[in-house]
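Attaching a single structure in structure tokens format; questions to follow.
A, B, C and D label the chains in the order they appear, each numbered from 1.
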Amino acid sequence: MLQVLIQGFLLSGLYALIAVGFTLIFSVGRVLNLAYGAYLMIGGYAYFYMVQTLGMPKLPGFLFAIGMGALAGVLMYRILVKRLKGDQVAVEISTLILAVVIQAGIVLVFNDSSKILHPIVDGVWRIGSTTITNNILVAMVASWFILGGLLLFVKKTHVGRAMQAVSMDAKGARISGINTDRVNMMTWAISGALGAVAGVFFASYTQLNPSMWVAPLIIAVAVVIVGGIGSIVGTLIVAHIIGFMEIITTTFIAAELRGVFTMLLIIGVLVIRPQGLFGRGDL
Amino acid sequence: MSSLLVLDNVVKRFGGIVATNGLSFHVDRGESLALIGPNGAGKTTIFSLIMGEHRQNSGTIKLNGEEISNLPTHKRIQKGVARTYQVPRPFSEMDVAGNIRVGMMPDNLWQMITRGADPDGELAIARSVGFRDADLSRKPSELSMGDLRKLELARTLATRPEVMLLDEVFAGLTVGEIEQISHLLAEKRKQGLTYIIVSHDLRALEPLVDRAVAMTFGKAIAEGSFSDVMDDEAVRSAYLGQ
Amino acid sequence: MPRLLLAWAAFAVIMLLLPQVVSPGTLRIIIFANFLAIFAMSWDFISGKTGYISFGHPFLIGIGAYTSAILSYRFGVPVSLSIPLAVLATMIGGTLFFLPALRIKGTYFALVTLAFMELMYQLVQVIRPDLTGGTRGISGIKTILSGAVPNFYLSFGLMFAIALALWLLSRTRIGTALDAISMNEEAVSGSGLNTTRLKLFAFMVSALVAGLGGAFYAHYLGSIAPRALFDINFVFTIIVSALIGGSSTVIGPIIGAYFMTFLLEYLRPVLPGSERYLVYGLIALVLYVYQPKGIMELLRKLGVRAGGGRTGRAGNV
Amino acid sequence: MRKSAARTGLAALTLSLSMSMSTLAFAADTVKIGFIGSFASDAGRSTLRGAEIAIEELNAAGGVLGGKTIQLVKADTGEDVTEGIKAYEYLAETEKVEFIVSGDVDDVSLGWLPRMVEYKIPTLDTWTSSITIIDKLVEDYDSYRMYFMNVASDEALATLYVDFGKDVLAGKMGWKKTVILQEDTAFGGAINGLVTGLLAPEAGIEVIDTIVYDPSTVDFSPIFSRAVDSGADFIYIISSVNSQVVSSQYVKQQVPLAMTGVNVAALGQEYWEDTGGSGGGISTLSPVPSVGFSLDPVSQAFADKYVAKYGSERPKYPHFNGFNAYFGVKQAFAAAEEAGGFGLDAWVPAMENQDLILEKDGQMWMRYGFWKPGEVEERTGRTYPHNLRFDITPPYDDGAPSMVVVQWYEDGSSKVVYPPKYANGEFQVPSWVKQ
């Protein structure tokens, strides 16, 4: 039981981290960025290249990954999203195409084989039969910090409040003098950076490979759908529902049915409560 | 004259807000009725309730003596009500004829497939609201606000309603266009069409109706001939108090 | 109308003469293009027409393909029976697809369909692998015909029949009503039409086409595998074909499917390696962002320019 | 609009016509063969390069079939099943190749298999080890006879593992109970079925629990916890998809239980680099020849040539299927010389008779031969038509063993630890596992 609790919290922390950047774009830009998974991939590969190929220290590698993620976000916004002017379907489809393009690009540069990241932080400790690596612990703590920081950022800073305003009513925000274009670009940059951070941790959990963008995208989609858009707190709660559900399924039911339950949860929630468990709030 | 549409004690709440609060009124066949009241009085909500776009919490809505509250929108239209919207919502990529065609369609898949459109019928309806023949192939994006209102009337008339609910038909129109639409409605009224009309333009409204119901905060506060209602104390204070 | 019918007939004649002039290798490419065109048309009938974007179309195609493959390979059911049964199964699957459409639309609907596809991908591998062949799929499914030329005629005949049927259907009033749903669903029910029934009809037609296409596809390939069917790259190809060609038309998805298939195939000798997918994706992306309405719209514009400003009616083809 | 569509059609026509013209130009003095596989994967590249080196040598030695030069046409599958089918069609119908060598995963091979039957092109598979394909030859030899697989099928591998269990795991380590961690794939299921059935009766190792997991699992800690709690002496892992994840999480979490079995990711020299060194202590079954395997002089010469030519590019050292492709292409042409070409009626029996015995220190070390139809393998009592002629009976004097067991040490080196004839290292458990 203790083991389930520990593992549940650890995994859920990672899931929250994965989902939060996606939530951000969804609530501010009201568009679904299907290339979100690509940020994770870009972040992970950028870190791998700096640290494990070039042998740089971890911190600059991490910063480089964040920078690449933010850059990817900005470019995506400038080149694709802005041009399509909030046409949701067009953004969804073009980001889907983009994700496939980025996947092909990664195959070209890094080839097809999977790569393993070193733990960002070494060391393990054990409670009973449960092993906790410091790496995962750090991922969870980082996830809490990042989510908390983001919450503060959104509530307390000028830019954050502008983001909130845009997420509630873009037209209204524009009328009241907010440069929605800049706010949107900031949001895409932050989302990209968050995605890259999540990517480094996700990859250090699992692996790097060119099709790794699909799994986190589905996690993010599941969290956002089940939670309802918006609410950072909602994201955190639902990440825990999904994380714990996976751990419980794996431990007590059947490990191979892990993904099936998540999909059933998405379908069930969308059909029964389309607004999500926590409504369609604002940021 | 039998009552065509009867609302009895209709209550609708949105969350904590009461939009209509035990509202009752009726409209007889061939009659035309104005529904007046300040902003937020619940006029548009009434239309939504009659059309089934929202469901009332209590009370009954009867059409031709039959309770229609549990019917979905399209069934109510088949029973003979139809409405226009404050903001016209045409099928944006279809020409005028196409918009009218959708209104004329029978709700029967088999007939929709096997029987073709009726261009003469479409033309007749378009003409009856004042479109010229050349307008039939124009897209909504090429139309003026007045023409969009006409298009909405045409599409609604195409469903052959017994009673029409007209929501702010004069909003956003030029003086000339208001005259045109008024003329059109007067014409329809002469032909025996029953309608309920909501508008802020009381001057344009007066010659078009037999009777008026004034409401505020979801309740009817006065009913009678248009001038009587306008002279009513409560109505004056509701309007002035706003 | 008669003039357009003539154009269809001309199209058919040209295609039927094709095996006389092109190599079997090219015919094989066209066969894939024909199947992709069927899938794209099926997608477009839900998503292009009614505006309910499906990201999980392989769910339907997969039901058709797997049902027919399992029936004929595992139980020896003749193809003439297994294909109709597969279509039936797909239409039942289409009803499942339809349930969420009663309550949600737009992005959320797209995501549910994506979840359906993912669920199917996982279930096919977990549930009864003795029937589905699990991860490896089924190989050695009975093929209906063999050789490039017969299969070209079969696939083209199927594609052409479906296209013509959909085209005729979209020219009836039901086509108009479905188009209207994508523009303004409330106003359609406000016109006294049962939108639920109309949507169900569109979903059933789409499922029928997907099931038919999926079943024939399985019997053409001779093998199916979950990784090839329930794959986001497959979704990508179907959607992009429909959109690049021109959505909510019948010719559009066909043009798009041919374009996408030939693009990838003609890149092969130039870029044999993995650069091919990158270039392919980039071209799709640029084309889509540049002209979201697709090649049909580009052709229409060209036609307008050439015809001296005459408004073309290509959009209705 | 009609006109322009017609014009596009015409352009496509001329383009395809000109393409088929250009293919004719070579016909006279070349033999065209095809490679089908994934260009982006290490194993796929190994196959391609193995074939290229073989072709280079054959061409340099005066050509084949009366002095013709071999021309290789490559078709990428991207490890995608549908692309695989298109690639096979392209090789067969556009390029009209006479022989195909393949390097790709199971479902891709199973995908194009019906095309092979249709086109009747001799095809050699160097990577796929799916017994289901061999079963098709057992059932319908005439339709599938042009197929050869020169890697031991997965079924044979399980047998060797049982011997390893008996001699080393039970015999030397004294382990009696195991928990099986099986990925949820057909491969996983097949291996699990065989191993579970044989371990207890033949090696005296009891399977006390089986955990089947989803190959896209993100976090293995609950699975490892369950394994540790089961009370087993060691974990038997069966993983072919995303295998790095299992082994690296095993290492990162320092799971206090030994783990051995099948880990496909550990079959290449890049394993160490890709796992960033977090792959030590892993042992796996591997096809022959593999990492850590000491080579006979002929194979060594090939490996040296490979390294000299491609040593700066991934994979720097050939995977097992690189060797298989090199020897396989040579054997295919040797058979073609005997048969006077690739006509099936003559070529298939000639290929069946190919038997390359590679010796090291005066004894048989590796053998590239094939089981003939109807020939029964003694231990399993069944036939393996056109599968690599493996030997699963010690002391493996009748050919190579089906597989060997490879150990990655924590210092990054790798050795073969079983069977004794091929062993050059010791089986070890990771340092954090208490004995």
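Annotations for the structure displayed:
In this text, a residue touches a chain if its C-beta (ideal position, glycine included) is under 8 Å from a C-beta of that chain, and two chains touch if they have at least 3 such contacts.
Since this is a predicted model, take the numbers as computed values, not measurements.
For the pairs A-D and B-C, the larger set of C-beta contacts lies at A-D. Here the spacing of subunit B and subunit D, counted between their Cα centres, is 74 Å.
One inter-chain figure worth recording: subunit C and subunit D are separated by 36 Å, centre to centre, where each centre is the mean of the chain's CA atoms. Per-chain CA centroids place subunit B at a distance of 42 Å from subunit C.
Touching of two or more other chains is recorded for no residue of subunit B.
Listed for subunit D are residues 40, 184, 214, each touching two or more other chains.
Within subunit A, residues 107-108, 112, 256-257, 259 each touch two or more of the remaining chains. Of all possible chain pairs, those that touch are A-C, A-D, B-C, C-D.
Listing the residues of subunit C that touch subunit D in their complex gives 7, 10, 14, 21-29, 32, 122, 125-126, 129, 133-137, 139-141, 143, 146-148, 221-223, 225, 227-228, 231, 233-234, 255, 262, 265-266, 268-269, 272-274, 276-277, 299-300, 302-303, 312, 314, 317.
If you check the complex, the residues on subunit D that touch subunit C are 1-2, 4-6, 9, 12-13, 15-17, 19-20, 39-40, 74-76, 78, 80-82, 85-86, 89-90, 93-95, 106-107, 110-115, 117-118, 130, 132-133, 136, 184-187, 189, 214. Contact residues on subunit A toward subunit C in their complex (touch as defined above): 32, 80, 83-84, 87-90, 92-94, 96-98, 100-101, 103-105, 107-108, 112, 214, 218, 221-222, 225, 256-257, 259-260, 263-264, 266-267, 270-271, 274. Residues of subunit C touching subunit B in their complex: 169, 172-174, 176-177, 179-180, 183-184, 186-195, 197-198, 201.
Against subunit D, the residues of subunit A that register as touching in their complex are 3-4, 7, 10-11, 14, 52, 107-108, 111-119, 124, 126, 129-133, 135-136, 202, 205-207, 209-210, 215, 246-247, 250-251, 254-259.
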